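There are two complexes below, and they share subunit A, which is joined by subunit B in the first and by subunit C in the second.
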Partner chain A sequence: MDNTDLSTLGRKEVLEKSLTRYRKERDWFQMFLDALSMMPELSEEDILQQKMLTILLESKQTVLDCAENNKPFIAGYFCNAPEVFHAMDLPWYMLMETPFLAASAPYLADDIKGTEEIGLGSDLCTAIRLPIYYIETGQMPIPSAVLGLIYPCDGAPMLHQVMMHNKAWKDVPVYAADPPYTSDERAIDYFADELKRMAEFLQKHTGHSLDMKRLAQVCEDGNKTYSKWQEYNELRRAVPCPHGWSIGGPQAFAVSQCFVAGDPKCTDWFEQLVKCAEIRVNAGEGIPGVKERIRYFWFDIMPYGWIFELMPWLEEEWGAILTMDMFGNYPYTLIDTSSEEKIWKGLAKRNLIDAPMIRQARGTAENFSNDIRRIVKDYKIDCVIWPGHMGHKDGSAAGGIMRQTCRELDVPFLQIGLDLFDRAYTNPDEVKDKISKFFTSMGLG
Partner chain B sequence: MSKYDEHIENVDKYLRGRQVREFNCPPSVDDLKKDLPVQVGPRSNPGIILRSDMFAELGNPAEGSSGFIVWTEDTSLVRDGRITLIGPDIPDLEGASVPFGQVLMIAGEKLDTEVQERIEEYQHISDYLEGYMVRSSSQSIWGRVSKDSVAKGFNMEILGKALMINMKSNVPEIEAMEVVFVTSNKDDVKQLGEIAVEVDDVRKDIIKAVWKERGYDLDCDLDCNSCESKVTCDDIRDIIRAQKEKGTAEIGGSEG
Partner chain C sequence: METKLKSKALDEFIQVASTIANPEIQKWKDNGGKIMGYFCSAMPSELITAAGMLPFRLRATGSTGTELSDSYFSSINCTFPRHAFNMALKGDFDFIDGLVIFNSCDHIRRVYDHWIRQLDTPFVKILSLPKKSGAQQVEWFRSELAILRENMETQFGVKITDDKLKEAIKIHNESRRLLRELYELRKSDNPPITGAQTMAVTVASTAMPPERYNQLLKELLDDVKRAEGNTDYRARLMILGGELDNPEFLKVIEDLGALVVTDSVCFGSRLLWKDVDESIDDPLTALAQYQVNERPSCARMFTEYEKRAEYVHSMLSDFKADGAIFARLTFCEVWGFEQYSMINDFKEWDIPLLCIDHEYTLSGVGQLRTRVQAFLETMGK
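Our next item is the complex of A and B:
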């Protein structure tokens, strides 16, 4: 655990400390990009990686540049309508970013231990515990303003409480859009107003203004990105599936919503992704070296804390291909840019109703059933895995609905019970054992 | 009176005064399957249709689409085997991307609310029709038709027949089924979308009621005083209050 007494540090030292981890993560990804550039010849898949790393690194570097040079930048979430930040030319990073990055793997276990040492309950979602720990130990860049999150779960607002008490963060202005529970037109109108107020808040606290023509352009560019994503997802219906676990949640979702949403660079990445997938589909090939035997739907976030211990094993040991996952799923509607009102309503719908995890956890619970029905049929799914993340208590409450839906569809359903970030909660060997027994008993292996 | 009777009537009103083409198909599944130029049935379209293999695209989001399904116990409201097309047929759409509307109307004396989710499964044709792929999206119908299938004779009548075969084979309670397709223009599809919004409200209520019967509440009917998370909300309100006093917070919406 990092035991530095932050109260003894001066302003410059606090700044330096808050950026140390962020710089390390940037350097980790830079190393991969450098390695790619040293290769004599790049395959189409290598080019895809190169484009992804470039987008990620530019985003990280821009935030660092702002932090180092006292320029405005913000912290928020993917479901805060990131198209607005991009239209305002406001660099941002996701408050819960670190637990989702492969770069964090080497120190994640120590950080989780650190969360326990500062007294955070182990029943609080680890994805929330970790940023609390990073704030409390001064390891997260301090933004000019924060966009909070009071949905989809009641754990997320814990971060706000920490910010309020933390010496370095307590004066950072916070705005949290209020989400209605329902999903009808009235709810969308209401949330659209909340997003407008969010833009006013950002304008007030960062000095960056919002030009609606620019926002329309960003949304139109974003529509191109999303259209390509949908096209790519159709290619995943092919048997064998052209890609495995590494694309949907880890990359397609991240590129579309986590860095510079609505930038032509993102469309360019998706075009390359479609190109890569088409090559394999045309050749009737799946993932190199893997014979596809089971197509599964992983209905949650990936187990980012120990992803490399499970997902490749599933492919190699069982020929089990993650054909679709919660964050790789495409339930989006393109944004109508014909008027300002329609733009806000489009953004409201996307961020209140379509965005992954929000879509399921905020509700209604019908989405759990509907998504399973659609995905199982469209992607020729052999089984559905609900990992049962300890933080996703909302989903646990919908376990019965998911199980019954799967029974009606005659597709096996597995609920595991684990922590997607902490390998100590249910260790990877135990998870492998559970999945193996499930595959065997259901005659899938 | 069934929950969707009013909407079936609205579809009828929508059709009146528009230029339509009608196809009348036989009622039985066996007769529907006769002389089809492309394969119909599970795994008839195991692959996907790439852009380079595409003859026409229906309901691309840039063009607009709308699709819904309505049902009734009153078999007199549905003209069994009728396919109505507003707009050009597939063979006239080479290389085109057009707006698309699809309405399925089914009737059967034994139909009840339990059937809702089951019939929804079959309104998207999935891999059931050779040369036709419905692109995955929860609120629209985005279809692609392959060049090969059009060369074999694929058209809207075949698509309608395939939908009837798929639905009637899998939902034996159905006694009559009628299909409407729209490919004419954005306005026509948009007007259909207005009916779709009303249909969706009814659909949601039916699904909630069905799950409630099964013992699951899709809506959490709690008020603040009976909710066990009240403590958490109270904490948040305290934070908001404290932040506001300091002038650093701007929490949106209701603070209840």
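Our next item is the complex of A and C:
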């Protein structure tokens, strides 16, 4: 556990400490980009990764530059309408992202222990516990303003509660749009008003202004990105699937919503993604070196804390291909930019109803079962896996409904029960054993 | 702790709190009355009373297992909804004619999803309760209540007029006022009523006709005022947390010599510390305002922590509590993170705090006793 007494540090030391992991992350991206640039010839997929790394590097570098030079930047979420931040030229990072950073991976076990040592119960979601720990131990950049997230789960708002109580963060202004539980027109109108108030809040606390013409342009650029994403997902329906867990799915989500939403750079990346997929689909090829035997739908986040211990194994051992996952799913509609009201409503719909995890977990359980029904049919899915991250308690409470839905579709369903970060919660071998027994007993692979 | 209070009214409250289908429920049904069940303190019972129905807050009192509900929930879900839904599947709530649920927490909101699929209760609604306070949120919740009112009118063939609502608000405010009077008596050096007894009284307020409740509560207040106070306690404690409806839980603590003098729990003071504003012309606005902005908030309400901490601190001070016990249902994220914040505040206030994670049913009595005993000893009591 990090026991540094922050009150003994000077302002500069506090800043340095808060940026350590972000600098490591930036340097890591830079190293990979450098390595790619040294290659004599780049494949189409190398180019895809190069474009992605450039977006990531720029995002991290911009935030670091703001933090180091006292320029406004914010912390927020992918479902806070990031198109608005982009239109305001406001750099941002995701408040909950620190445990997901590659730079955090070597420290996760210690960090998790640290969360317990500061008094957070081991039954509480690690995706919330860890950011709290990073805030309390001074390991997250302190932004000019925070856009909180009070959905889709109980833990999310509590992160901000602790943050607002922390001595170093308590003066940072916070706004959180209130999400209705319903998804009708009234709910969209209410949430659109919440987003408008969010924009007013950002203008007030960052000095960056919002030009609605610029927002319209960003949304139109975003529409181009989303159109490409839809095109790409149609290619993933092919048998064999052109890409598995490592390309496409969650990356598509990250590029469109997590760094600069509504930027031509994102569309450019998606065009390259489509190109890569098309090459394989046209050739009738799947993932090189893998014979596709099982097409599975991973209905949650991948276990990023120990992802390399599980996801490649599924392909290598079982020929099991992650054909679709919660974050790669495409339920979006394009944003109508013909009037300001329509833009806000479009953003409200996307961020309240379409964005991954929010879409499923915020409201009633139909949101889980309807996605299963559509995805199983559209992507020729052989089985549905609900990994059951220990923090996703609403999802686990909907397990019976997901199972029933799968029964009706005559597709096997597995609920595992794991932790995205803590490999000791259900260790990788146990997870593999559960999956192997499931595949075997269902006659898959 | 040996209680010195003798009261027929209290005996009746204890009976109501220790059962589900209590005699008042039976009597109501026998007279052809309808009953609306609900989960969560956010339900304005006034709306149900104004419809001429009996508001009944669902508990899982007496539940012994989750064998039927386990296939719907998982082992990382709170045991309260698992026990409550198990009882529902067994038919223990068949006496309700309708049910209102809120998106209170990740566990309870899924009860709605399972209920509508597995049971044939004719009227089941889920209401969207804001997660922060503010004028826009009051307006939103008012519209949710307006929709509920309209749905209830259609379903049950009743008219819930503004006048009826205002009358219902008066009746429920009377309950709150009387309960606050009861709490006031606990501030004395020798409180005449224990924490367990008080919890039976507050729980009963959610399971019997409000007029009858108020009548009994007045009788109880007379008895309590005449009763000899408790003098032989080791420490005065406050109970904090979310869902806690079992007076026996407090009795275990009080049997060790502690006296629970106040609380901030869902079935306790947060139900009654403030009144619905009767001066607001539109009763639905008054109810929405009360639930979203006014009453001591649930930990799920974003931005309200400072107010909650202030509420707890003033309770500790006003009731002269020597320490507090934070009782949290295992797997509850809302109260789990709240607990973390409170731990830090209690350190600053220099007030002893014991945190206990427990199951809904009183299964770990031995462990609870040991921990409370040790806590009292560390307090030097």
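We take it that the second predicted complex is superposed on the first by the 440 of 445 C-alpha atoms of A that agree within 3 Å, B and C clash if a C-alpha of one lies under 4 Å from a C-alpha of the other, contacts with A are read in each partner's own complex, and residues count from 1 in each chain.
Quick note on the criterion: contacts are C-beta pairs under 8 Å (C-beta built on N, C-alpha and C of every residue); 3 or more make two chains touch, one makes a residue touch a chain.
If you're wondering where the values come from, they're calculated on a predicted model, not measured in any experiment.
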Judging by the criteria at the top, classify the pair subunit B and subunit C on subunit A as clash or fit. clash
In the overlay, answer first, second, both or neither for which of subunit B and subunit C A:G388 touches. second
Would you sort A:P99 into first (subunit B), second (subunit C), both or neither based on which partner it touches? neither
Which partner chains sit in contact with A:G328 here, subunit B, subunit C, both or neither? Use first/second/both/neither. neither
Return first, second, both or neither, reflecting whether A:L120 touches subunit B, subunit C, both chains, or no partner chain. second
Pick one for A:R186: touches subunit B only (first), subunit C only (second), both, or neither. second
Does the superposition put A:P131 against subunit B (first), subunit C (second), both, or neither? neither
First (subunit B), second (subunit C), both or neither: which does A:G244 touch? neither
Now for A:P143: first (subunit B), second (subunit C), both, or neither, which partner does it touch? neither
Tell me the contact category for A:S396 with respect to subunit B and subunit C: first, second, both or neither. second
State the stretch of subunit C that overlaps subunit B in the combined model; pick it from 182-190, 218-226, 254-262 or 290-298. 290-298
Starting from the residues of subunit A touching subunit B, keep only those that also touch subunit C in the other complex, and list them. 148, 150, 154, 157, 160-161, 164, 174, 176, 178-181, 190, 194, 197, 364-365, 400-401, 404
Contacts from subunit B onto subunit A in the complex sit at residues 46-48, 50-51, 61-62, 117-118, 120-121, 124, 126-127, 133, 135-140, 142, 201, 204, 207-208, 211, 214-220, 229, 232, 235-236, 239, 242-243, 246, 248-254
Listed in rising order, subunit A residues that touch subunit B in their complex are 148, 150, 154, 157, 160-161, 164, 170-181, 184, 190, 194, 197-198, 201, 223, 227, 230-231, 233-235, 237-239, 278, 281-282, 330-331, 333-334, 363-366, 369-371, 373-375, 377-380, 400-401, 404, 408
The answer for subunit A against subunit C in the complex is residues 118-121, 123-125, 128, 132, 148, 150-151, 153-155, 157-162, 164-165, 174, 176, 178-182, 186-187, 190, 193-194, 197, 361, 364-365, 388, 390-391, 393-394, 396-401, 404, 415, 417
Residue numbers on subunit C that touch subunit A, as the complex places them: 71-78, 81, 103, 105-107, 109-110, 112-114, 117, 126-132, 134, 136-137, 140, 143, 299-300, 302-303, 305, 330-334, 336-341, 343-344, 357
